[in-house]
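One chain, subunit A, appears in both complexes that follow, with subunit B as partner in the first and subunit C in the second.
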Partner chain A sequence: MARRVAVIGAGMTKFVRRAQETGKELSWIAGRAALDNAGISLADVDAVCAGTAPDAFDGVHRKGDYLADGSGAWGKPYIRTFVGGGTGVFVPIQAWYTIASGMADVVLVLAEEKMSSCQPHPQGAFLTIFDNVIERPLGPNLLWIFALEMQRYMQAYGLDKRDIATVAVKNKRNAADHPSALLGQADITVEDVLASEVLAHPVQRLDVSPISDGAVALVMASEEAAAKLTDSPVWVQGVGWNLDSTYWTNRDLAYPEYVENAARMAYDMAGVTEPRKQIHVAEPYDPFDYKELHHLEGLQLFDKGKAPEAAAAGVTARDGDLPVCPSGGLLGVGNPIAAAGLMKIAELFWQLRGEAGARQVPGTPERGVAQAWGDLMQVGTVVVMGTDGGPSTTATRQGTPPIGPRATPLTDEAFRSAAGAVDEPLDLTYEWDTGEAMGAFLEGMRDGRVVATTCAQCERTLVPPRVFCERCFRPTDGWTEVEAVGTVETFSICHVRWDMVALDPPEIPAVIRLDGASSGGFLHKLDEVAPDDVSIGMAVEAVWKPVEERTGSILDIAYFRPRHGGEDR
Partner chain B sequence: MSRAIHGDLPVRFRYTPGVANTSFFEALRDRGVLLGSKCEACSVTSVPARMFCERCFAELSPGVECGPGGSVESFTIGHVGIDGEALDEPVAVALVRLDHADSVLMHRLLGIESPAVGMRVTARLRPQAERSASILDIEGFERE
Partner chain C sequence: MSVEPRVGIAGVGWSGFTPTTANVSYKELMFEAARAAYLEAGVNPRTDVDSFVCASEDFEEGTSIFDEYLPDQLGAVQRPVHTVASDGLFALATGVMLIRSEIASVVAVEAHSKASNVVSHGRVARFALDPVLNRPLGVPALAVAGLEMQRYLHASGHTAVDCEDVANRNRAHAASNRRASHAEAPAGADDPLWEPLTVGQTADSVDGCVVIVLAAEDRAGADPVFVQGVGWNQDAPSLESRDWDRAAATARAAEQAYARAGVTPGDIDAAEVDDTYAYKQLQHLDALGLPDLDPARVNRSGGALGEGYLHEGNGLARALACIEQLRAGEASTAVAQSWRGVPSSSAAVAVLTRGGA
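Right after this comes the complex of A and B.
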């Protein structure tokens, strides 16, 4: 039987574009604030759980133990967990089972991100999430994934971009009341969002959360320890996490099934049977405005495709029927990746305690849900927290109130001229082995063939091919070929490269579903078509390079173009 | 058929030194002193200075001048470079415990043919005009 676990303190730095503080120093500021808020010292902490996103942001390997001193981990059981953007909501899950299992009574939970060291743009660190062999050669941009998913979501449910833009407005306005926020803006309007620069259609500049530096910390405790330390614990009632297919182009891009699976796991544990009645405040992951809506649907708080109109109608406003991201979210407070996720847990803690100040939602919220998302955009992490009806202890609170956050922003000039700054290239190159299945696929390209494998058990034809079926976990049964014709599953018109250098003309990445494949689509580009004429469901065909120019690469298909006489879906 | 696909990770990094290291480097460049920070509760002095005590999480200030003298805690003499190539001149590197400090500092040994653990050494700094707020403003440690 798992022990009950409570959150008893929280603290955070200000989120800034570039912090003067090192990652260790940011961690310490947040950790110290959380300990002070809980009214305890580091000596009272039994174990430390930390989270921070890719090592490549910092060029520091083993970031966990690099941050160990700032995390308060000296001489203690310590672990760093990492599930990409989902990390910030996974770290308290790690702390939950450290305590629930009886291994520790008091755990310090730390999440830190310092993205500003990575040059010329932190997006470079994300390039490695794309498949080395069949996607990296296309010159992908992280924005592609979001734009392609957003386009698919909008098309599947006939959504209005204007309704989606209301999320950015709501969150940046909410953030104007958050003392740690980077991009709070009380007077922003939907017109501002719709008029902002198009980065990768349909994604515009103000649809996107900012790159940031920052740290957040919590103190979590067993029921027994919490009873001695606070008169207002906030309980972790449920936790859940789940992963979709690692082949992102094979997923249902219009609906985050992995979020539904993670939410159901957490709701079951929390005894939540009617989330729309039993959840009073939500902090879904909102790195892009449409993602908040996508995730609200996965969290079962709105029907599929219905969150945008509810948002536009004010249902998710701070004083609406279901306040969503009253903190201001990633769009407003900022997005230092792992820290941003943990900020959502801290916000639920403050909201459920009635300590959120100007951000406090009306009434007496008793239960909230927070969620984050990441890895190759397919992990869902969910935590349900609640007051269980009020104080369950007789302890008198000893800690300080949530304290004034700090962190020192560095201007561009100060960043360039900082005394003692060090520039380091990474200077690494890689040789990736294609493996058997992808090797055969690339050799097929040389001959103008699209090689697939089949699984007799689930009766799927798999593109890209694999030597084992990931669903049945058995060897695939044979090789086959599919025609290089299909339909556009989703597309974007991208105006920037990964390092944000403008592209003119823009390029048109697309997920193509080949007619003969049952696994879904794969990533390529469109050409011989005006951007305005591209549509989802359009029939397309591969245009191959001349035989003598082929090298056994995904680029042996020069691009896809509209298939005349082909049947659009 | 399996074969290699070539790729890279086209990023580089710019690290600014943070709050505590900025104090350390500016004092080194401008005043030629090695600043540490002392945690009174733990009676531990770290150099370079730190913003906080990792043992008790107390906030620290960079108020203790350490060295320039110290003793060799350990040393090594490297005969090969990072790619395994033979070096023309062996490189001596030591962990030096500066006077008044509890932590050790890694740096080069200069002109010492046969180093020994416990040997007294002292920091040799570059001339002030050449200093740039870098750990290399210390040229190395030489026999005291």
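Right after this comes the complex of A and C.
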């Protein structure tokens, strides 16, 4: 029988745009605060579980090792786990299985992010998240793909951007009550969001969470250890995680199935059969305002496409029927990637103990859910926490929640003038084998053909091709070709580059669903069309480069354009 | 006597272990190993494997957030998958925890190397050095191995000849290992790299993948190899603070693993330990409490010096070799150990057994 596991302490730094502190120092501040909150010392800790997002932020290989001393891990069992943006809610899951398995009784959980080290813009760390053969040559960035997903979500359910913008307003207002918040704003309005700069249509600047530095820590313990250390543990009742296919252009982006899968795993473990009744407070991942809504639906807290109108009606307000992101979320508190996810667990801890101060939701919440998301829009991590009917405490008895002003904001100018500021380009070089499937695909590109593979078991035609069928887990059965014509699955109009430099004219990335490809298609760009004339379902065709200019690359298709005489869908 | 519920090895699979794997992508390399492991375990990953754990580091792959690229070729789409940013033996320890926590009964553990695609290995290693204190000095990260070897020989009484013997013996072992690509000493084996370290005492990279299917005892098949105990540990975070004499993290990890397994060093009759550099084998055997283990029973696979160095897959390669020896009846209690290469100071240990216990 697995052992029960509780959260018994939490701490965090202030989230700031650029911290004077190093990643090690941020980790130490948060870790020390969590240990103090739990009333223990580092010597009481059996193991350390850590999470931090890409090494490219810091330009440090094996960042987990680098952060070890700040994380309190020197001389202890220590593992860094990683599921991209889902990491912050995964680290407590790691701590859960470390304790539940009997490997440790008391675990320090650390999540840290120092995004500001990545210059000229932290988005640069994400330029290499895309497929090295067929996507990176197109120059995609994070705003592209989230705009593509938001567009698809809005189109699938006929959503009103105004309803979505209410999420940004709610969370930034909630964050005004959070002492660690970077972007709390009590007087922001929907009009402010709708009037903000369009970055990549339909994404506007105030739809997006800010880049941030910060760290969050928890102390988690076995039932036996918790009983000795606190009379108000908050129990981990359920955990779930799920990773969808890498081939994101083959998925319907309108609904996050992987979040549903993760939620169902966590709910089953927690005995939650009716989440809309049994969940009293929710902290879904909200790096963009639409994502909070997308995730609430995946978490089974609202029907598909129905979360936006509920948000606009105030259902998810702090004093609504289902308080959502009472912390202020990533949109308000800030988004130091892994730390932001763990901040949500800390918020549930404080809410369920009745220690959230001005952010405290009404009533006596007994159960909450936190969730994070990441990778290529493909991972869901979910934790259900509750008091199990035990006593909640008051801030008075436990002291002020251990959050505050630590972490020192630093201006760019001050950073540049600091002694020892170090610039170093991340100039690593790779030469990737394309492999059998993608090699054939690229050969086909050079010849003006789109090569696919087929699976006889599920009867799909796969583009991009692979030598295995990921659904059936068997070798694919043969080669075929599909025409370089299809329809626009989703699109965006991008007005800025990855480093926020304006683009004029804007570029139009799109996911093209190729005719004859049952799996979907791939990412490319549109041209020979005015941005205002692009629509989902528009018939398009490839425009190939002249034969003599082709090199065996996704760029052998110069772009896609409207297919005159083609049938829009 | 065991002090833990047992986790068995239901299946193993591997691919590559060659200096290059031209025309095969890392996904295809992983698919081949995973298929073999699932076939041997008699499981369908789409329905029978409860959780998947992979070991990788972004800079080794050339892809940020590399865990994005794992599920399809492992049969893990829309399943619980996560990555440990570490060596594969840490992933194996994670798999053991998942089963012991009862959230999974069957777990697939994966680690791989596509080192032939990394052009700038030296620069990747450089980025593991402290950006403020170490990198400005311009000392190659891999030279840390030379510094450590120098100090280790001084402190231990071992000699460069002892290290040369390790390299020669491991390559001789590799001659009978069908996976081994480096049974022959490289050209210029005696040439110095970072003195006192030589070319011949340094393992060469290979591409490859190892997948191990772990299962709760009742799902692991008849007479399986068991993972009897696991341990892992993190030592000093900087060059300036480390203990250059000994492998402290390995010693602590071994203590944890032995206690969990209910064994002492005297019970161990085979060891597959990290030998990225020949001196590390000696240092690791010291830390494991096995300095006097019959050399014929150490790295019988040839180790990384003979098989080739699989980077973050090296720990699973060592575990795979232990499993094969236990299955062949060549040992009854084996220890697999990994270290993550310079400049790291973390280590993992697994005790594997078959029969009895």
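In this section, the second predicted complex is superposed on the first by the 556 of 569 C-alpha atoms of A that agree within 3 Å, B and C clash if a C-alpha of one lies under 4 Å from a C-alpha of the other, contacts with A are read in each partner's own complex, and residues count from 1 in each chain.
Here is the rule we go by: a residue touches a chain if its C-beta (ideal position, glycine included) is under 8 Å from a C-beta of that chain, and two chains touch if they have at least 3 such contacts.
Since the model is a prediction, treat every value here as computed from it, not as a measurement.
Using the contact criterion defined above for the overlaid structures, shared-chain residue A:Gln20 touches subunit B, although it does not reach subunit C.
Of the two partner chains placed around the shared chain by superposition, subunit B and subunit C are both touched by A:Thr128.
Using the contact criterion defined above for the overlaid structures, shared-chain residue A:Ala418 touches subunit B, although it does not reach subunit C. Put simply, more of the residues of subunit A are touched by C, taking subunit B and subunit C as the two choices. When the shared chain is aligned, no partner comes close enough to touch A:Cys458: not subunit B, not subunit C. In the superposed model, A:Ala176 makes contact with neither subunit B nor subunit C. In the superposition on chain A, contact is made by A:Glu436 with both subunit B and subunit C.
In the superposition on chain A, contact is made by A:Ser41 with subunit B only, not with subunit C.
Touch criterion not met for A:Leu503: it reaches neither subunit B nor subunit C.
Look at A:Val485: by the touch rule set out above, it reaches neither subunit B nor subunit C.
Annotation: subunit A residues 24, 56, 58-59, 68-69, 74-75, 125, 127-128, 132, 420, 422, 424, 426, 428-436, 439 touch subunit B in one complex and subunit C in the other. Remark: subunit A residues 1-2, 24, 48, 53-56, 58-69, 73-84, 90, 94, 96-98, 100-103, 125-129, 131-132, 239-247, 257-258, 261-262, 265, 269, 374-376, 378-379, 420, 422, 424, 426-439, 466-468, 470-473 touch subunit C in the complex. On subunit A, the positions that touch subunit B within their shared complex are 20-22, 24-25, 28, 31-32, 35, 41-43, 56, 58-59, 68-70, 72, 74-75, 117-120, 124-125, 127-128, 132-133, 136-137, 408, 410, 415, 418-426, 428-436, 439-440, 442-443, 552.
On the subunit B side of its complex with subunit A, the touching residues are 1-22, 25-26, 29, 50-52, 54-57, 59, 133-134. Note for the complex: subunit C touches subunit A at residues 4, 21-28, 31, 35, 38, 44-46, 57-59, 62-65, 67-73, 75-86, 90, 93-94, 96-103, 114, 116-120, 123-128, 130-132, 135-136, 231-238, 241, 248, 252-253, 256, 340, 344-346.
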